[in-house]
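The following pair of complexes shares a single chain, chain A, combined with chain B in the former and chain C in the latter.
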Partner chain A sequence: MENRAIFPGRLLACLLVFPQLAVSLIFFYWPAAQALWQSFLVQDAFGLSTEFVWFENYANLLKTPEYYHAIGTTFVFSLLVVFFSLAIGLLLAVMANRNIAGVQIYRTFLIIPYAVAPAVASVLFIFMFQPGLGMIARALQRNGIDWNPVLNGTHAMILIVIVAVWNQISYNFLFFLAGLQSIPKSVIEAAAIDGARPMRRFWTIVFPLLSPTTFFLIVVNITYAFFNTLGIIDTATEGGPNGSTSTLVYKVFLDGKAGSDLGGSAAQSVILMIIVVVLTAVQFRYVEKKVHY
Partner chain B sequence: MALRFFGAAATVAVAVGMTASPALAVTEIQWWHAMTGPNNDVVVKLANDFNASQSDYKIVPTFKGSYADTLNAGIAAFRAGNAPGIMQVFEVGTATMMAAKGAIKPVSDLMKEQGEKFDPQSYLPAITGYYSTAKGEMLSFPFNSSSMVMWVNLDALKKAGIDAPPKTWPEVFADAKKLHATSPTCGFSSSWITWGLIEQFSAWHNIPIGTKANGLDGFDTVLEFNNPLETKLLENLVELQKDKSYDYSGRTNTGEGRFTSGECALYMTSSAFYPNVKANAKFNYTAVPMPYFPDAKDAPQNSIIGGASLWVMGGKSSEEYKGIAKFFTFLSDTDRQVYLHEVSGYLPITKAAYDKTKASGFYEKNPILEVPLKELTNKPPTENSRGLRFGGMVQMRDVWSEEIEAALAGKKSAKEALDAAVSRGNQMLRQFERTATK
Partner chain C sequence: MVEHRRFGNLLPHLVLIAGVIVVAFPVYLAIIASTHDNSVIANGQMPLYPGSHALDTYWNTIMSGTGKTTREPVGSMLLSSFIMAVGIALGKIAISIISAYAIVFFNFPFRMATFWTIFITLMLPVEVRIFPTYKITSDLHMLDSYSGLILPLIASATATLLFRQFFMTVPKELVEASKMDGAGPIRFFFDTLLPLSVTNIAALFVILFIYGWNQYLWPLLITTRDDMQTIVIGIKKIIDVKDALTEWSVAMATAVLAMLPPVAVVVLLQRLFVKGLIETEK
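For the complex of A and B:
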């Protein structure tokens, strides 16, 4: 027996779908179409002279070594951010899921970093990691580590990864905790009775059952690392030193805003959009098969 | 507030109705700026004083964020068809603004059309040159100007056994090593890396940054600062960076705290750093002119300015232009310029204001404030030291900084980095030339 609601006529269905469609059209398809159109133009900052150039902006982009460098940087950065923010988020969720005193307090505190805006998070970390002034920077220097994110690209990368991970852990923690709590206790207890130790229980039962959550979080975190970290990079390193923290989205922002090169910037954003669409499609096509719902 | 406004409007309406006189419309003029803190107060005070001095025009200042934010807000507003009347734009946005014919109104045209008394000769040429065409027509109105100086921690010098602040680059290099012995993390450092080490350095040594008088004579300019002298400077700094005798402090002025905290005893940055040093430095300090290479033929030449100017936007009513012209005359007033110079630490823009401040003995008590003026007026500006005008300069500075960083980090040689900075910059110039309205 099917349990399905039948709506009379098409009008109501259209009405119900309309708000979502309108939001998608106005906030996604329209700007995307504009970016596509802009990427075929060469224009001055004020929009006073416009020339239609077909794919010249793309061709120029693919000729610059800095662009390939930015692609590499983006993948390294995203991989590090996604891995560490998921791993630490999961670890904390497992810890906070146990029966310990004051667990509600821990949980609340673990969520707080998510309320901090990326740019503000960056400023907090700059205070700690600024060479010569920051507490942690001074401690590192005392221990013989020449910490200098202003000139050392690896240090700068470590700095923005730390900020980006810190800012995202709460989100992952929250979803993992919810995921953990939805795993039936009876399954775990049964395994315990069969003699499985905690580590084994985690890897053979809990982790596979968490896979829908993990999958969802991987998709969301990749998008986060690709796009939402703009504020962090802008505040902490401005893409420097020597472009070593300039990710694709930061380059879109920099070339469009500081450079007033709207055509080139639009071409970059179109490519970025394609990369993310492909990445997400691949994940849904292949990775999702490994997910147990 | 709303009630009071309503009340006032009603009063006006009644008054107009009763006397049936022609409308007493006050022309509002929007002024977008990027001044924060005490300098924001100065902007507001100027607007209030002007508004109180007459009843036909009302200047409305609005803070729009950083220099870059203000420029972008102005560009966006222009594209949307409601640009402000006056916009404060930093010096590196000059080429972007002047290329936009139709979007802006040259100040010299404005003053002529509105019949305001205006003599370009009365302004300091080192300042107005930056904002004028090759023919000497003033495009924008200089507002806040500064230059680059070297800040010196006198106590640290004494401790390191150095008698007097260094005057030349070889002295700076030698002193940096001595100072480094007393401060493990720094001897000498600098802010605004490209402004100081490329732009100011070239002007101060009378060598070109690019062809066509550094771009002042046309957009078909080509960069050429990868010369032996510039390479020598960078090579020396790369060498000193290895043991932190010179230590890089980033592209903008975020590292300035390293001077006031006592970490870096020699620090090159803007003269506008003065109020900060005065408030925070707990040691004897002074500011001296930028160093130079004594073997360079014309050095020291003259320095160039930094800071911002006021641009008048195009397509406004003649009423608004009348008001803006009057406001600029108001700003040029000698006593007002003297006052601005003394409260804000920015430079006076007219010769009369400079002379008057000098005559009052102000510089004997505040010699640091005269250092940038002495630098700017050291010699009459040449093609290489009048200023610079390169399209996309905001982003170009980032590109140049990237290459300098590569050299300092040891990834490229000084010459390779400068060559790359020049060739990447030239690509941007060609792109800009193509889109500039001619």
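For the complex of A and C:
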């Protein structure tokens, strides 16, 4: 890191970094350390005594079928959300990258979902998918589909995937658009002169050149599907029916809220922390690479 | 354009129109629903054009809540959300810009250690350390307070990194010139650096305002008093009436009110928002 070291004054510098360091230590490092410490403890039923048990909480966690169920749910949910929000975002970005009339108006509308809170997005879709009342639910029922996300786990999963994808399209759209605009026109023109048709140009030139953006977005979208969708799930399905929409993060929330098993909940948190750290590390390696790109 | 096609730009228009419909339809439906009477919505035959109840629905929603449930009026939720969002945006910008200033323009012991200490906070979203953070906030007697809503959420490094990157591009000559004019570090900050950072600050404000406004889990946990509730939390309670029928017109009016500020900010300040978003993430 370049050091400008232009101003003297250690005291002033310390004062300037103090607020951020204080907030980080109190609300970031201390709770993270607590979670780690707690994950090694077992508390008796009345919270009177605690015992240090090393990795027992983790071992117990890996013995419960519900945990594997939550892993599976998270995997299915994330895969669907990442795939559809990236595919739709890319399609719209490619179209909005054309020099067509009114493109600015399309872009303005397409960024709206980003500004809508996940929980509010959920409410909008619950309204449309409410059996007996919602417009789409009624249309489905007219066509012989017994739509009911309150009772049917698959329907509940479809509902939260739709909400999560809708909420995330804008983000991917903006990044893909920025990526497309940084591709030099001359490269594409050269290929056109060589006689490559639009579809071929896209798959052989544009898409490979977009790969840094795509990769970045995959990591960001996985993080999104893991963590930022808690509001969606809590509002739309509360993890149900029967745990069918309870992802790993939602399970930490539920188990911690019930409060009966602090150690187990903490162990789940720590596993999640490790997952995020790995994802972030991957992202930074990619950023480093892109600098040399 | 690379080449001329027979059907011109029909395909992009069709795809984009389809995209806009998918994106805007839920929002449109919420607006329409908020103008109809509950009974019209409840029988599932709501028309696609506005009704005549808009004024009283919004008046009741904002001012009093409704008679059926003893709910807080949405007006007070809007206020809580607003204070929280502005507090998070300004707080994060304030602590980040001064720490980035120190890291780039000063030489002090543990400078790199400080940088990394801040940098690592980039990694963990509040969701994964939620209960310990809750406990600490509770031990500090910050439950049900704006400081409790705001402080734990300003502890992350994105803004610091953005300012650091920007400060590194400020030419050394500028600092030298400022020094020659006899300016100390504080005057340099306010007279030179801050004016240069205005666009960055504004862009970051847009993003952080939306981030703060849309928070769900944290306000859900740490507010127990109804009058501290934010609108994003409040809306769930409105649709969650287990026994009674949900008052959908009120719920949709609340949804519209919850969307309005962030959507307005994004639409009006698009350019800044996009710039900020793409810079912050990279």
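Miscellaneous remarks
We adopt the following convention: the second predicted complex is superposed on the first by the 230 of 293 C-alpha atoms of A that agree within 3 Å, B and C clash if a C-alpha of one lies under 4 Å from a C-alpha of the other, contacts with A are read in each partner's own complex, and residues count from 1 in each chain.
Quick note on the criterion: a contact is a pair of C-beta atoms (placed from the backbone, for glycine too) under 8 Å apart; a residue touches a chain by one contact, two chains touch by 3 or more.
Quick caveat: nothing in here was measured; it's all calculated off a predicted structure.
In the superposition on chain A, A:L133 makes contact with both chain B and chain C.
When the shared chain is aligned, chain C comes close enough to touch A:Y114, but chain B does not.
Residue by residue along chain A, chain B and chain C are tallied for touches, and C comes out ahead. In the superposition on chain A, contact of A:L16 is made with chain C only, not with chain B.
Within the superposed three-chain model, A:G153 lies in touch with chain B and out of touch with chain C [touch as defined at top]. Contacts of A:Q34 after superposition: chain C is touched, whereas chain B is not reached. With both structures placed on the common chain, the touch criterion links A:L180 to neither chain B nor chain C.
The interface of chain A with chain B overlaps its interface with chain C at residues 132-133. Looking at the complex, you find that chain A touches chain C at residues 1-10, 12-14, 16-17, 19-21, 23-24, 26-32, 34-35, 38, 88, 91-92, 95-96, 98-101, 103, 106-121, 123-128, 132-135, 138, 166, 169-171, 174-175, 178, 188-189, 192, 216, 220, 223, 227-228, 230-231, 234-235, 249, 252-253, 256, 262, 265-266, 269, 272-273, 276-277, 280, 287. On chain B, the positions that touch chain A within their shared complex are 68, 72, 75, 78-79, 96, 99-103, 185-186, 241, 248-251, 255, 257-258, 261, 263, 392, 394-395, 398, 401-403, 405-406, 408-409, 411, 428, 431, 434-437. Contact residues of chain A toward chain B in the complex are 42-49, 51, 131-133, 141, 150-153, 238-243, 254-255, 257-261, 264.
Across the complex, chain C meets chain A through its residues 1-3, 9, 11-13, 15-17, 19-20, 22-24, 26-27, 29-30, 33, 41-42, 44, 46, 94-96, 98-99, 101-109, 111-112, 114-115, 117-118, 121-125, 127-133, 135-137, 140, 151-152, 154-156, 160, 168, 172, 175, 179, 184-186, 188, 210, 213-217, 220, 232-233, 235-236, 239, 248, 251-252, 255, 258-259, 262-263, 265-267, 270, 273-274, 277-278, 281-282.
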